[in-house]
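One chain, subunit A, links the two complexes that follow: it is found with subunit B in the first and with subunit C in the second.
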Partner chain A sequence: MESRLLRVNLTTGELKSEAIPHQLFERWIGGSGINNWLMWEHFLTHDINCDPRGPDNIFVFGVGPLAGTGAGSGIKGRITFKSPCYGIFGDSAGGGKFPYMVRFSGYEYIAITGRAPKPVYLHICNEEAMLLDASHLWGKDTAETHALLQKEHGTWPSKTHTLTISQAGENQVGIAGVVSDALRIHARCGGGAVMGSKNLKAIAVQGNGGLPVARPKDMLSWSDDFRKKLDSNEAVYGFKRRGTLGAVEMYQHIGSHFWRNNQGNMFRGDEIRSDNWVKKYQKYSEVCSSDCFIACDSKYKIDGTESETAKKYIGETFRRPEYLTTGSAAGALDLRDWSEVAHWGKITNDYGIDNQDLSCSISFLMELKQRDLISDRDVAELFGHEQELRWGNMEDVEACVESVVFQKNTFGQLFRDGPYFGALKYSEIKGQNFMKYAMYGKGGASFTEEMRPFPTWMNNMAVASRGADHLKGIGLIEKFQRKDLSKKYFNGRTEAADLSTPLLKGACTALVENQVALLNSYGVCLFHWMLDPGGYTPQDYYGKAFAAITGIDRTPEELMRDGERICNLEKAINSRIGLRREHDTVCERWMWEPTEEGMYPGKVAADMFNTVLDEYYEWRGWEKDSGLQTRAKLTELGLDDVAEVLAQDRALA
Partner chain B sequence: MTAITQIEMVTGAVRYAPGEEVPNVAKKLFALRNQCTECNVCEIACALAHSPDGTVNPQLARLRIDHAPEKPSKINPLGIGFIAEICHHCGNPPPCAEVCPTDAFYYDPETRAAVIEQDNCIQCMECVPGCPFDVVFVAPSGELLKCDLCGGEPVCVKACSTRPEMLNEGKQYNRLPVLFFEDQPEFNRISKQIIEKRDEIGLMQAMLERGEISSSA
Partner chain C sequence: MITVHTQFHSHFREVAATARDSFELDEPLVSELAQRITDKYGAKMKALLIDPDTNELNERGTMFVDTKGRRISIEDTLNDGETITFLVGIAGG
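After this line comes the complex of A and B, so read on.
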């Protein structure tokens, strides 16, 4: 299998094309696995404690081997870098047609280092790559930049697809993301700030090359089988219709929303709880990227008949909000009209900024105001003018968004790296401890969901390599109480599906992290697997597609080992940066403040937190006191070279 | 109908005698408009099935997915969506074969589909504008690409995933994929099934009347 890597040194303007050796796929599978390795290699020769906004940071884009080969499992491009907002390992996945097109451009991985002397963008067309002047794009948002690049490069030899940053990325706002095709954001961890700090405005890609499949007949029959399986799975139809938005109703039922900075866990407002919006637009369903049998997304176009508030947004067209957009708008900020939720999704995407980090920052400040912990004067000081901070007021929210994106005022500057660092700095300025109201895990902003009743989810928030995160070890077994899966993976034991006990929760995180690492390395979407986590297993079922495409035959056990190896490399990067057990923690509200409503009242994270964390380290084979990896575990995974580096950095147990 | 004289297979075997009339493709390859999600799996499957060396390249597919340039209509009030541009397998001889100066088209005896014989093709591209539906494509190498129905089981149809019941003005339709390859009775059955679901005119019927279904009928 021939895959190519494009190395770009922005300081010197040097572009180098390299073939990726087959052994690298044998060891790291592809996708996020190879991205992580490229980052690890880079920081062997560069200081890992460098400023993430400096030229020494690396920005890697990669797509996995299953993407675009008819596997029907979606395509997720992945960006990997040292996170400018949290200062630790950072990566983020995203759809759009960009990663699909990258597959046919001749390069599957792009590693960018250095800093360009002036704004540039990278244009790749069938293995020909060049850096072009981007001064005409600077200062434009992602939609405008995308439109200009599409116009400039046209439709030959293929349509142009782009990965762009907005003004937020240019201003090196830590929570700025990177947007694919102006529609799909790689939001987490601040990839936009890394691109902005490198003076790289965009990557535009075109290509009409082919990509090799080792056993085409096997691939076609696997794909046929997978489609039939999905078409006969009832859960899939619900997902095809509503996507993650279907979770609104279910989360309302169990009390898993994040209302007003998680002061509650149910949405208020009748309209926001109904699925009229979903019904109206489900007809226009489409895929987020390509090569997907589900297509859970759709478009909306506001015609003003939806509600009184919608009249403000007549004509606005964008993609329908998904769950976390709704969770941050209708939950964290308490916006109660669907058109406002949709508009929130659109502006955060056009400004290329993570709406989880941003909503947690805004709702933090709104809560301080609600509790009269800060006065109107304090707010005026932050914004440079009088500013109201009312729950559910779109004008106030938009003022906050613009403050951060354009770094207009003190509020924008304080909260450019998310709620944790913002709250720390603001507490210091005011000489008061406001940390109780900041929602975070491991320094990263919370996902706008209630976590307290769900020990696996809480553990994810504390241990995920990229800061608070629910995807890396997503607790499906627990939230859907799948005793069958718990039995399957843990020798007949059912505790992983039981919310009342801390047992097997840490084990479950470790197991699922390995599975997710595999899926991320294949370069596919997680949703297909989630719709039948016992059926479409990454090690077994997807393993066959991986073999058909790459010709690498692996047993399920070997693939799980590969997944574990990828997780351990992410951990090693963080250990070198200096992360220990004390960093694997969550915010005070989750830890000590009991839930008051929903199906599970009176829950705090502290009940089970340490037991679960201990068990997690145990199943990982890491040392409990320091949270560091052991040489024995790394040797077992064939990572002796990694253990050597960690030992030199005193980051090995 | 004009008779076709160029009827030699790639293998050299004569399938139809010169002057003999070639029957039409028995089944219909058709697509529902605006129900497509632009997942491109049909393109990928087509490219993979026709690839001589096992490489995937959607640019070599014999169909394309594109934005539906729709004006808002009753069925599609927002005027957004995607369509599959597929070969309609017009009655024999099809317009693409008729304009061919080198008679490079032959007829697959199994499916009766008109197929390009690459050795005879001089890449003059007459068939590209000759096709009334713009579905003869040009590969990056200059090779002309036309649907050959994959020997009777089109992989694009196989690869097309079923859509959930789509609601329209409160009424439900059946779960259907976007691409079909069906004979006349089955085509009628699908249409009828949909009519039964609705009180008034069937979706398929309505779409046919408005020219929103592409079919070889």
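After this line comes the complex of A and C, so read on.
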């Protein structure tokens, strides 16, 4: 399999195309596995403790071997870098058409280092790559930048697809993301600030090449089977119509939302339900990329008849909000009309900024105001003028958003890296401890879902390599109480699906992290798997597609080992940066303040936190006291070279 | 004979075209409830509620809970007056 990597040194302007050795796929599968390795290698010759906003950071884009092959499993591109907001390993996935177009151009990976002397963008057309002046794009948002690049580069030899940053990325706002085709954001960890710090405004790509498939017949028969299986499940049609919004009712029923900075866990009002969205806004479903047998995406256009509030947004069109867009808007900020939730989704996408960290920065401040912990005068000092901070008020929310994106004032500057660092700095300025109201997990990353009744999810918030996050080790077995899956993966034991015990919760995180690492390395969308995590197993079911495409035959056990190896490299990067057990933690409210509502009241993380964390380290084969990897585990995974580096850095148990 | 109430949300509500229903069951079994629901609401509901490979409740992308928030399975028994809520089970985004 011939796969190519484009290396770009922005300082010198040098661009180099390299073949990726087949052994790299044998060891790292592809996608996020290879991205991680490129990052690891880079930091063997550059200081891993460098300023993430400096030229020594690396920005990798990669797309996995299944992407764009017709497998039907969706496509996600991945960006990987040292996070400027959390200071740790950072990565983020995104859909759209950009990822497969990178493959059609002849590349699968792009590794960008250095810093351009002036704003540039990278244009790739069928393996021809060049850096072009971006001064006319600087200062534009992601939608404008995408439109200009599409116009400039036209439709030959293919349409132009883009990865862009907005003014937030240019201003090196730590929580700025990178947007694929102006529609799909790689939101987490601050990739936009890394691009901005490198003076890289965008990547535009065109291509009409083919893709290598080692065993096309096997591939087609896998794909045929996959489609039939998806088609036989009516729940997939439900997901097509609602996407992740279908979760709103379930979260409301069990009390899993994040209301007003997680002072509660249920939405208020009757409007924010997926049924209302479908009635008012749903016209049709479509795919976000190509090569997806589900098609959960859709567009809306507001005509003003939907509600009084909607009249403010007549003519606005964008894509249907996802659950976390809704969780941050209707939950964290208490916006109660769908048009406002949709508008929040659009502005955070156009400004290319993470709605989790941004909403929790705003809700932190709103809660301080609600509790009279700060005065009108304090707020005026933060904003440079009088500013109201009302829950559920879109004007107030937009004032906060613009403060951060454009770094307009003290609030924007304090909270450029999200609520944790913002709260720390603000507490210091005021000489008061406000940390109780900052919502975050590992790295200071925030997340707008109720976590306290769900020990696996809570564990995810504490251990995810890229900072608090649900996707790395997503606790489907626990939240959906899938006893069948618990039995399948844990020798007939059911505790992983039982919310009342800490048992098997850390084990479940470790297991699912390995599985998700595989899926992310194949480069597929996670939703297909989530709709049948027992059937579409990454190691068995997807493993067959991986073999058909790459010609690499692996047993399910070997693939699970591959997933574990990928997770261990992410861990090793963080250990080199200095992370230890004490960094695997969550905020005060989650740890100590009981939930007061929902189906599982009275829960705090502290009930099970350390037991679950201990079990996680045990299942990982890491040392419990320090949280560090052991040489024995790394040797078992074929990572002696990694162990050597960790030993030199005193980051091995 | 017992009475069991049902609440339908998201796609379940769309397929059933109602938010609530009640069923009188001869046997206090989830299997009988599932049968009665699919009899009443037809093929689409059956495709949503029953896994054709196992003939058990469809676990893929769904969530069915009792009033205490516990997921129910096909072999479970039901109490008189119990409410079972049918939800979509998806996360992420």
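Heads up, the rule we're going with is that the second predicted complex is superposed on the first by the 645 of 653 C-alpha atoms of A that agree within 3 Å, B and C clash if a C-alpha of one lies under 4 Å from a C-alpha of the other, contacts with A are read in each partner's own complex, and residues count from 1 in each chain.
Criterion: a residue touches a chain if its C-beta (ideal position, glycine included) is under 8 Å from a C-beta of that chain, and two chains touch if they have at least 3 such contacts.
Given the structure is predicted, the values throughout are model-derived calculations rather than measurements.
Colleague: Would you check which partner chain A:G70 touches, where first means subunit B only, second means subunit C only, and both and neither mean what they say?
Modeller: After superposition on chain A, A:G70 lies in contact with subunit B alone.
Colleague: Output check: A:Y237 vs subunit B and subunit C. Expected answer is one of first, second, both, neither. What do you get?
Modeller: both
Colleague: Applying the touch criterion given at the start, work out whether A:L373 contacts subunit B, subunit C, both or neither, answering first, second, both or neither.
Modeller: Touch status of A:L373: no partner.
Colleague: Just subunit B (first), just subunit C (second), both, or neither: which does A:L132 touch?
Modeller: Once the two structures are laid over each other on A, A:L132 reaches no partner at all.
Colleague: Is A:L15 in contact with subunit B, with subunit C, with both, or with neither (first, second, both, neither)?
Modeller: A:L15 contacts neither subunit B nor subunit C.
Colleague: Figure out whether A:K483 sits in contact with subunit B (first) or subunit C (second), or with both, or with neither.
Modeller: Second partner only.
Colleague: Find the residues of subunit A that appear in the contact set with subunit B and again in the contact set with subunit C.
Modeller: In subunit A, residues 237-238, 241 are touched by subunit B and also by subunit C.
Colleague: Sort out for me which residues of subunit B touch subunit A in the complex.
Modeller: Subunit B reaches subunit A through residues 37-41, 44-45, 47-49, 51, 53-60, 78, 80-82, 140, 155, 158-159, 161-168, 175.
Colleague: Please name which positions on subunit A make contact with subunit B in the complex.
Modeller: 68-70, 72, 100, 104, 157-158, 208-216, 219-220, 223-224, 227, 230-231, 237-238, 240-241, 279, 282-287, 290-295, 299, 301, 317
Colleague: Give every residue of subunit A touching subunit C within the complex, in rising order.
Modeller: The contact residues of subunit A facing subunit C are 232-239, 241-244, 246-250, 253-254, 274-275, 278, 322-325, 470-471, 474, 476, 479-484, 497, 499, 526-527, 530-532, 534-535, 599-600.
Colleague: Which residues of subunit C touch subunit A in their complex?
Modeller: 9-15, 44-45, 47-48, 52, 58-63, 65, 68-71, 73, 85, 87-93
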